[in-house]
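We just call them A, B, C, D and E in the order they show up, numbering each chain from 1.
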């Protein structure tokens, strides 16, 4: 049964550390690179497929954002790695899409791995890994495939909205992370709605066939999201407290703002978790209560009629000598006895508070 | 089902950091500003709708408390932000009413977000966000709508009760936070009463239809209050340990007093939580016990009468050749047998301790 | 329902910080003050009702213990507060009897709040708050009402037993706290006995009607005691590690001894807690087991006799044409069939291990 | 019920701190003292009953181990306490046999309390307290009664096996603690076997009457052992990290080895604990499953035969006018109907997967 | 029952510390030693059975890896211990195969114990202990028996793949640990598949006989793996933060990469654990639900037919005087009554939502 499952980790075993091996599934992805090179007054946006076209930006004063989509283009990634002098372990992590969110501080750059979260068409949570490298005048971002949460950053760059064009690469990094975190709220809210739906369902007694499946899926979603969001607490807190030359004092307050969001999201996830456990406890209690109800009905009916049926059985016997059968009022006396038994039982159940 | 729920977080996505967007629901709220400007010997109380009227206070020696109600008046809030030189991220937080309680220390001011808690007419807990800015000779407070927990502070200012007029803005901030925390006790006490009511109800066996709903609501209330109160531990402890120039040594002891209250409230909340879990465990045990009782009654009745009814059935058969039917004393012997079976069963159940 | 409960916290709302408001219930208590003034060679014990009588002790070399009973005498407490120069917040805490155990270090004195624990006549745990102020040559203690756990300290002072008269006020404070902690052991032991009684009861199967009530009360007692004892860990550990001028190095080892006791008490409480949970789990399992037993009896009886009764029913029918009824050996054959069915059933249950 | 239990703690209440009161139960124990005085080349072993005989060793260069058995000999213990200048609180702890394992570092000696663990003849875990005092050229050990886990240390001393005679008193202390910890492994292993026995028993379905008692006893044993072993983690770690003059750098590696053992033992205890909880969960699930099975049998039988019996009952009625009774083939048609009902029921249960 | 279990720990009791006693079971293992001696440009691979053959490598500049298989060859291990000047406690740990993973830093070498994990042919997890000693120009590895996870390291050494031949012994140690950790992923993945299989099984309702056994085994596997992997977090983190002269700054980033993997593995294990608990909760709920279903069927059938059967019983009685028996339409009226009762019941159950 378990045999048919994937074994993707095996690919990596025995590899030279720093070996750049793409572990994702989007191997047919086309390489797509876009770049934004800007100063306070100018901006130059390009789409390209040849990575060398943007290499010249490194030596200019302007700030550059290079966004690379397509982690299966190992060669291109190695080229950019060499140009920006990235450690081989970083390149390995970039193309390994099952990384845990993390931060690594090197002397000349800071390397961050995050997960972008969103619901796909079938309402399943998808997480796409995005790797960010912050240098003194550039930010590199690496994604598996086109389509991301950065459109609002692009717009602000183009329209010079807010302070994004005035501040340097550390502010750009902040803006990108902020965009990622903003999208966590949508996922969070959707999960909150699911918890509330579950609650409504349980209270309305509309138990669907697949309740257990639904609860389990929700728990798994929570675990998945928790795993994406919780490491960010430490990541952002490390940026905040870091005295890395690349993070200017002025920008730190913005990272603190992200930190607030992460804490709030974490709190909410824990609350959803507790809610689900409480709901399931409640569901279990209500099942037991219902069973108790069912048993009472059965017991009352059986307890009342079983002795009555026995009495009727007695006088259905065919013995030759059964004197009661021949008395004039036997039948009516029997009815009286039966009604007395019936009322006695009712009284008994009343006293037991079963009725 | 989940589609009709709110999606308020979406408003924020892609906004410029520091964008001032009111996320609350009281958009029809009228702007209402009050100010208290006082020294040890003088006090000047004003109600106004134009924020500029109080701007002159900033440069005088006197201490000023400006209380702004109406977070939908973005422009006014920006004006005051500019006048007091507040960081854009602070303004963003002030009007975002779903903030987690927190403290941010800036060079010239300290920014604190709290939640005021109270029960509304329908006995639901309401929490209203209040943002406090402490400057060297002023405290600013921002609320969504009129009505708050600060009346006792107002009275003490007017009547120069206690030391409030002698000490500076840091003591005023303390007095405001203390008023917020004092109200937590009422909420806490009401929840305590609810837990005790639940306990009484379970012991008296008066199980209302909606017991589960009630327990769940109580748990949710506890989670909500916990979420409001617990972050305060760190906030107050940061004020206490801070060596910010705005917090004078003399005032710190007062903050320590608030800290005591918060710890006590936190303890109590955790105890309520444990109590509820214990009560529900107990309830579950008692359901199982009752079901056991029901089953015993059924089993005793059925076990006694089922074999007796079978015997009666035997002699109700219409075979031509059933010798027992024709003996003189068959019927009486049968009764003896039945009574023996009956007594044997009783003895058996007695020995099993079911009776 | 919850309306009739007390709302004592409301008294405090909006009060000036440091306002001295007695929150206890013993408002009819008479004021009673006792003092011990001693040196290595002399001792002077007094009972008095006028606090000023002991004020002169403050300026002498001797060590003084002043024990004030009656927290409703606000004026007297304020007088002593002024004389010993106590912070208003301390006075507020002294008369507020719902404080959490705590320590506050001031420059000239150390303020500690503890709870004395004992069982009253009805075997309910009572906790009485005692506030202790340690000065350079005095210890003040404040209690709600007469009667406490300090008699052994009084005796040792009078009889100059041990080192109590040779060492200063910090050793006296230790002796008083030690007396409080010693009494925790009695309470602890009583709770341990209750847990063992519960265990015995569950194993002997003597389930009293009010088992659930009893377990819940025990859990509540544990929570209460835990809340009194656990904060002491931090309090004593702060005294030990403190370098306050009032705590001499020589005395610290004695505080470490108290710390040992507190840790041991805490451990024991946690073990009782675990024991109760294990006992209740065990109880639940045994209920389920019993129910299973009951169901088996019912099922065996019903399963055996229901088909037999059906067969008897068949031949009790009154159809004109039922050939079996008229054969010579039908009745005997029927009995053979019934006995075969009966034995088959027995074998089936045997194989299922129900018998 | 709880009245008959012991109240040993009451003995201590109100005692002068440092009062030496034996709290154990072996008051009839004979005093027995043994001493080992050794250098690298010489060894002098004595058994004695007069403590003064070994006092001279204190001033010689040789290392001395004095092992005192019999904590009810208060006077002797005080004598040795005076000779070795031990703090009164240490003497109090030595004779109080309900201490928690702990370490106290004094300037001239280190005081450690441990519990020796072993199973008695009835397979109950016994723990005997052993107090160890490490001085510059001596180790004192105090036990309640003869018989301990130190025989292997004695042998190594006599035979000068390993490095025990070359290294000083700190290595001797290590050797003694190591002997204590070695015996924990036996207890641990026995408990592990009990857990495995429980597992086997549950899987083989051999549920003994006293299963619950057995599980509870095992849980209590685990709690007891945990309480003995867990404090050792901190004790040994404090020795390791201590820079006390008595612990030489060379010996520290040996203490680290003990630390490894303690961690391993702690891990194992926690795993046993988890195993027991998992086993009991599993047991509960299997009870529920069995009950389900029982109910299905009952329900199938009852559901099939109850309507059939009803039909038979109908045609057992004695109405004068029941046309069906007189038709030629009624009886056969009835059988056909009954068989159809029977088969229909079977099909229904099949579809429900109950069969 | 428990008597037949192993008691391997007893072997060690009372042994001299540092006594080298093999505790494993592979006593028939042949000694097998292999060595790799390499510089950037040369490599010399040997297989040998005499340990002295590699002793000369110690004094050359080249880096040497000596891999010793066969822990029962105590003498050989002592020889190598003496040659490399290893502490006796290290040798003791090497041959004691029930060590917990750990790190010990000595002045001239670092000693690490790990567990290699793999599934054997019967799909049981096997863990083999491997001890690693890092010196300035050598790494020693000790295993119980031939066969390990290091083949990829051997290949890279032979083919000078990656940077392994250029960097020193600390990088070789990294490569070996990395190989161990890489294999954890396979075990982890297999366990993940088992959890998913369990989930599928529970949802498809295919409950095998041995479900409980399977779940318990899975839980035990998780505990086992957890115990192997979790200590590595601290071990690697200590290497990373250590400033031991043997760990060069350049290599530390590689250890950080291992740390990432360990954290990810730990996370996954905890998630599997939670999943299993959720699945078992769900299973319990579904059992209860099914039992409820069963009870309803029984109750409906019994409740409908029991009174009807009683009525039939009444008119099966043989009293001489039962007027109803003789009316013309009694039988039809009775049917009408019965159908009415039947329909009434159906309506009742419909309203109760049991149908």
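The rule is short, and it goes like this: contacts are C-beta pairs under 8 Å (C-beta built on N, C-alpha and C of every residue); 3 or more make two chains touch, one makes a residue touch a chain.
Keep in mind it's a predicted model, so treat the numbers as computed, not measured.
Novice: Taking all residue numbers used at the subunit D/subunit E interface, answer same if over half belong to both copies and different if under half do.
Specialist: Subunit D vs subunit E: different; shared/all numbers falls short of half.
Novice: Which angle of rotation, from 0 to 180°, maps the CA atoms of subunit C onto the equivalent atoms of subunit D, to the nearest 5?
Specialist: About 70 degrees, rounded to the nearest 5.
Novice: Using CA atom averages as chain centres, what separation in Å is found between subunit B and subunit E?
Specialist: Computed value for the inter-centroid distance: 41 Å.
Novice: Please tell me the distance, in whole Å, between the geometric centres of subunit A and subunit E computed from their C-alpha atoms.
Specialist: Measuring from centre to centre gives 26 Å for this pair.
Novice: Quick check: what residues of subunit E touch more than one other chain, meaning two or more?
Specialist: 284, 288, 291, 295, 298, 302, 306, 309, 313, 316-318, 322
Novice: With chains as vertices joined when they touch, what's the shape: line, ring, star, complete or other?
Specialist: If you draw each chain as a dot and join those that touch, you get a single closed ring.
Novice: Reading around the ring from subunit C and passing subunit D first, what chain order results?
Specialist: Cyclic order starting at subunit C, direction subunit D: C, D, E, A, B.
Novice: Write out the stretch or stretches of subunit A touching subunit E in their complex.
Specialist: Residues 1-2, 5, 7, 9-10, 12-19, 87, 89, 92-93, 98-100, 102, 104, 205, 212-213, 215-216, 219-220, 223, 227, 280, 283-284, 287-288, 290-291, 294-295, 297-298, 301-302, 305-306, 308-309, 312-313, 315-318, 322, 324-326, 328-331, 334.
Novice: For the complex, which residues does subunit B have touching subunit C?
Specialist: Going through subunit B, the ones touching subunit C are 151-153, 155-156, 161-164, 174-175, 178-179, 182-183, 185-186, 188-190, 192-194, 196-197, 199-200, 203, 253-254, 256-257, 260, 263-264, 267, 271, 274-275, 278-279, 281-282, 284-286, 288-289, 291-292, 295-296, 298-299, 302-303, 306-307, 309-310, 313-314, 316-322, 353-354.
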